[in-house]
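So that you can tell them apart, the chains are marked A, B, C, D and E in the order they are listed, and the count of residues begins at 1 in each.
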Amino acid sequence: MNTERNKDEPMIEIRDVHKSFGDLEVLKGINLTVNRGKIVSIIGPSGSGKSTLLRSVNHLEVIDQGNILLDGVQVNRPDMKGLQFERHINHIRQNMGMVFQHFNLFPHLSTIDNITLAPRKLKKMPPKIARELGMELLNRVGLASKADVFPNWLSGGQKQRVAIARALAMEPKVMLFDEATSALDPELVEEVNQVMQSLAEEQMTMLIVTHEMGFARDVSDWAMFMDGGVVVEECAPQKLFSNPDQERTQNFLRKHLNS
Amino acid sequence: MNTERNKDEPMIEIRDVHKSFGDLEVLKGINLTVNRGKIVSIIGPSGSGKSTLLRSVNHLEVIDQGNILLDGVQVNRPDMKGLQFERHINHIRQNMGMVFQHFNLFPHLSTIDNITLAPRKLKKMPPKIARELGMELLNRVGLASKADVFPNWLSGGQKQRVAIARALAMEPKVMLFDEATSALDPELVEEVNQVMQSLAEEQMTMLIVTHEMGFARDVSDWAMFMDGGVVVEECAPQKLFSNPDQERTQNFLRKHLNS
Amino acid sequence: MVSTSTYARDLDEIRGDVLQVVNSGAYPPFSFVNTQGELVGFDVDIAEALAEKMGVKVNVQSSPWNGIIAALAGGRFDACICSMSDTEERRKAVAFTDSYYSAGLAVWVKSNTNDVSSLADFSGKRVGSTLGETGNQWAVEKADGKWRNQTFQGLPDMMNALNTGRIDIMIADDVPVMVAIRENKSDIKIVDVGPLPRFPAAISIQKNKPQLLAALNSALKEIKSDGTYQAIVDQWIGKGANIQ
Amino acid sequence: MEFDFTPVITYFPTLLKGVGVGSLVAVIVAFMSIVGGLLVAVISIYINKIVSWPLRFFIWLFMTTPLLLQLYFLYFGLGEWILIPAIFVGILGLGFHYMAYNADIFVATIKSVSNGQYEASRSLGFGHAATIFYIIVPQAFIRSIPQLGNNMILMVKDTSVLSAIGVAELVYASQYAISVSFRPFEFFIVIAAMYYLINIFMELGQVWLERETAYRR
Amino acid sequence: MDFNLMIEVTPLLVKAAWITIDISIRSLFFGFFIACGLVFLQSFQFAPIRWFARGYISVIRGTPYFVQLLLVFYGGPSIGLRLDPITCGVVVGAFNIAAYMSEAIRGSIESVDSGQVEASRSLGFGKVQTLVSIILPQSAALMIRSIGILAIVLIKNSSLVSIISVVELTYQAQRLIGSTYKPLEIFTLSAFMYVIIIYAVMGIIELAYRRAMRYTTL
């Protein structure tokens, strides 16, 4: 019962977020609430601002207006300065794993070091235990054999899986995936889906940007469709992918709806 | 009729290609023929050697054994040396457009310059005409508004489309796509599909690595499934995606076959 | 290895050309540049006087000390009239004329120093000398761990070091230091620590140039006997000074 | 000109001692200039311009003046107030001098590390400083190796400037021997050979480092 | 400070400074082309040519500049190479700095992501065109920085040319100190001149660097 109640606690709150690059307004007042242990998918056409929104949640983009809250704590704090903000944001980010659209693996570190660097340095985890953790994560994504290989030698899908493992290693409360499965084949997508489900059961909250509608439908508890910097529609994925309200959504999903 | 006959001419021939990285044998004797004006898809699990095969066709990886022919001309020429080979391979590559898994756009050039650099320098196309061509291509991929923007300011899907336009600008005989649509939304995938069909009608030959089974099924004339560096099965896509012969293929496509 | 002696010539070749002479250019009063940038000094005038007697044209140039030895060995110059001390070791490598003056080492301390009056007093002190000069060789050979030697690239550096207290004792040729003290009113005095070696300063030329050696020697005799030599001494070292 | 290498043999132990002194100085200076250069680069890129201004001026001073003059000013100029032993003056002068050069390289390579790397590290919760230390600097260092190799090879030979203030390194030792024996070319050839030997080790080190880091780019 | 003396010797030092500038600029100019040649030779498939370039770089970087000067100046005549001191300084300076510069250029080129080369080559660009259109713009920033440092090193090292009796700035200053016993004044003056020369060079480097950085959008 307690867990049930917890599940309704908002974990990520995005309130009226605006963001411009020069003259180009990319986010035009986005609102979204993600509850604890839920998986929410964001879909939308290329250039609609999905990555920008996800990056804003992690404060990699500084938003122009609005608020973002993580577990009740405000992420953007224009009132804070210098070291104080630095401490604040580092703490926030340790609770937030992020998988980038371009992976951004550290080329100077081997696969296992990419994964264990953060736990070792930030959580002072002893190297041995960190390595065990890292190997466990690598096993989970099917890459145990590539532990001591450098990122440049990995295939696209292998890189993406390492990026996922790296984000998971800090055992964050929240995971942000920007195209979590774009480089993965159907088998692996299925596996990642299972991993996500098990994480959700452990109360991890996930916000996913994806272009794979099937994956979005299968994995998520809630789905949001955005276009041109605004939220066009948000609802349960079953509804969004079978019977969306808005015409824009219908057009976007036409192919998917027909099949 | 003439066109029909042409269509049966082999455009890309891959004959018993082997490639190792150190101890790791990535390609273990691959054979594949792609006829003029045909679209062939390569699917397979992550790390199975798809990118390596595509890169070998473009001679970005030097194969250890076997032969690759483009329009009857041998691509790999271990007998040639120095400048002679240089001229040979440049000529070959001008007839072969490639879209990379990681896009590899030139960060120091604007979108339009990324596209027009090759025609301007290699075909001595006057800047004005090159720009017209570039704008036409950008229109085709829906990015006319981003002509003078630098790649770092583009979203993932926008980058991928610029990469496609860049490869098309040289009007090659053959296009190699490594994950052509991984960063694209369903609408754009549909558009790219149409672009490909029209290119095929203009006798362009395409070799596509993809993880999107639906796309592979819809777009291609022939499909090949590879795993662990060997070709497991190749046949018409209708057959491969509905009723594959091999158990490995069935397992890989289980999810897709069920839906 | 290449032979480099193709450039330095014997007298017959010089006759039709110019006698190339080198000095260090930073060793007043023997050779230095004045504030007009001209190379002047005792060595320069001697070179010109000798050339006149030999009946050849002369060109006097300067080069840093470590370059001079190379220049002489490499044969880029015909003669080095640069206050060079004539030692046994050096004779193995170059030929020397008769001495054209005699340089004596001397010991110098700050005026307020009173505890140095013999070689024994050097113990534990810091002793300065100019790298590559005879004073340096003497100090290195005599020290034997009893005192610490410090070296400098030139007299100005060394006098500076003595003034600022980096060294306690300075060993150098007497004439240049005396001139420097006179010109700069330095707070330095000479002390007598018993007899110190004197070295004949001679003109060095390449070996196996017998005509040139003979001509230089006879010209040297001539200027000494006809008073030209003493006039040059009077001008640069001091009226009536005897440095033979 | 005939060659006679007997004086070289006589003075060989002195020359070797000179090599020892020079190498010692070089090792300390290498360490100091690389670590210091990184620090300077990081400070001048990431820290407020006003805070880093004095530092940049200091570096600018060492950049614009010849090493010899710096040594003179440190040795004789400061002599009015404090007497720093020659070898320390040499280490300080050389160290700051090459620190300035190395910092210049690091500034360029640090800026060439892509922003995505910075973001990836920050998103893991690493702070600004930790990101620079664990992520940016190692990648920048790898890209700097050829230029650093250049600087350090130059530096080893610049230890000879220390002879001007009486530090008994290799050139100093040979100057004395030359002025006694008057055999300059023999000694110069031997000096060149000795420096070359040191250089071979440094080049092997560079090649090794480049190979070890080739796949980490 | 003896300002009268400083004013008196300034023309002498300016003249010497001009020699320093002259030798440095000419060495830099020729050195750059030699360096490019060395980089080019290292890209040959025929191994002995590569070895030659590597060997050259190794020997030149490995031996002191002043020894090279002395050997060419004094050894040269015996093989018919009789150079006047300033020309000798320029020639040796150029061949010396070229070895370092070629390493700087190589390092900058290698710092460009290999994916960029692949993308360019896959469009059909040859090696030269790839170098010019893709690699150089992206490596220019680092290249300018590292060549800039070498230019400064070259100017400073030009003082070593005095060993073959070229009266450049440092040697002129030392000679004047030898006669005036005023090291502070004269060193300050010559340091000031070096600052002016090198500061001008640094300014040029900075301008070029800023221009190049425009391309390096990360």
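Convention: contacts are C-beta pairs under 8 Å (C-beta built on N, C-alpha and C of every residue); 3 or more make two chains touch, one makes a residue touch a chain.
Here is each chain with its UniProt name: A, B = Amino acid ABC transporter ATP-binding protein, PAAT family; D = Amino acid ABC transporter membrane protein 2, PAAT family; E = Amino acid ABC transporter membrane protein 1, PAAT family.
All figures in this text were calculated on a predicted structure; none of them were measured in a lab.
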item: Separation of chain E from chain C in steps, with touching chains one step apart; value: 1
item: Most distant chain from chain E by Cα centroid; value: A
item: Gap in Å, rounded to a whole number, between the CA centres of chain D and chain A; value: 46
item: Centre distance in Å when chain A and chain C are each reduced to the mean of their C-alpha atoms; value: 82
item: Distance from the mean Cα position of chain D to that of chain C, given in whole angstrom; value: 36
item: Chain centre separation in whole Å, for chain E relative to chain A (CA means); value: 51
item: Per-residue multi-chain contacts in chain E, two or more chains; value: 70, 74, 113, 183, 216, 218
item: Per-residue overlap in chain A, given as positions that touch at least 2 other chains; value: 102, 153
item: Residues of chain C whose C-beta touches two or more other chains; value: 2-4, 66, 70, 73-75, 153, 157, 160
item: Contacting chain pairs - touch in the sense defined above; value: A-B, A-D, B-E, C-D, C-E, D-E
item: Residues of chain D that touch chain E when the two form their complex; value: 60, 63-69, 72-73, 76-77, 101, 104-105, 107-109, 111-116, 143-147, 149-151, 153-154, 157, 160, 171, 184-185, 188-189, 191-192, 195-196, 198-200, 203, 217
item: Contact footprint of chain A on chain B as seen in their complex; value: 21, 43-47, 51, 101-102, 153, 155-158, 161, 178-179, 182-190, 211-214, 251-253, 255-256, 259
item: Interfacial residue positions of chain D with respect to chain C in the complex; value: 1, 3-4, 76, 79-80, 83, 86, 163-164, 166, 172, 175-176, 178-185, 188
item: Chain E to chain C touching residues, read off their complex; value: 5, 8-9, 11-12, 15, 70, 73-75, 77-79, 82, 162-165, 167, 171-172, 174-181, 183
item: Of all residues in chain B, those that touch chain E in their complex; value: 55, 58, 60, 81-82, 86-87, 90-91, 93-98, 100, 102, 104-108, 117-118, 121-122, 150-152, 166-167, 170
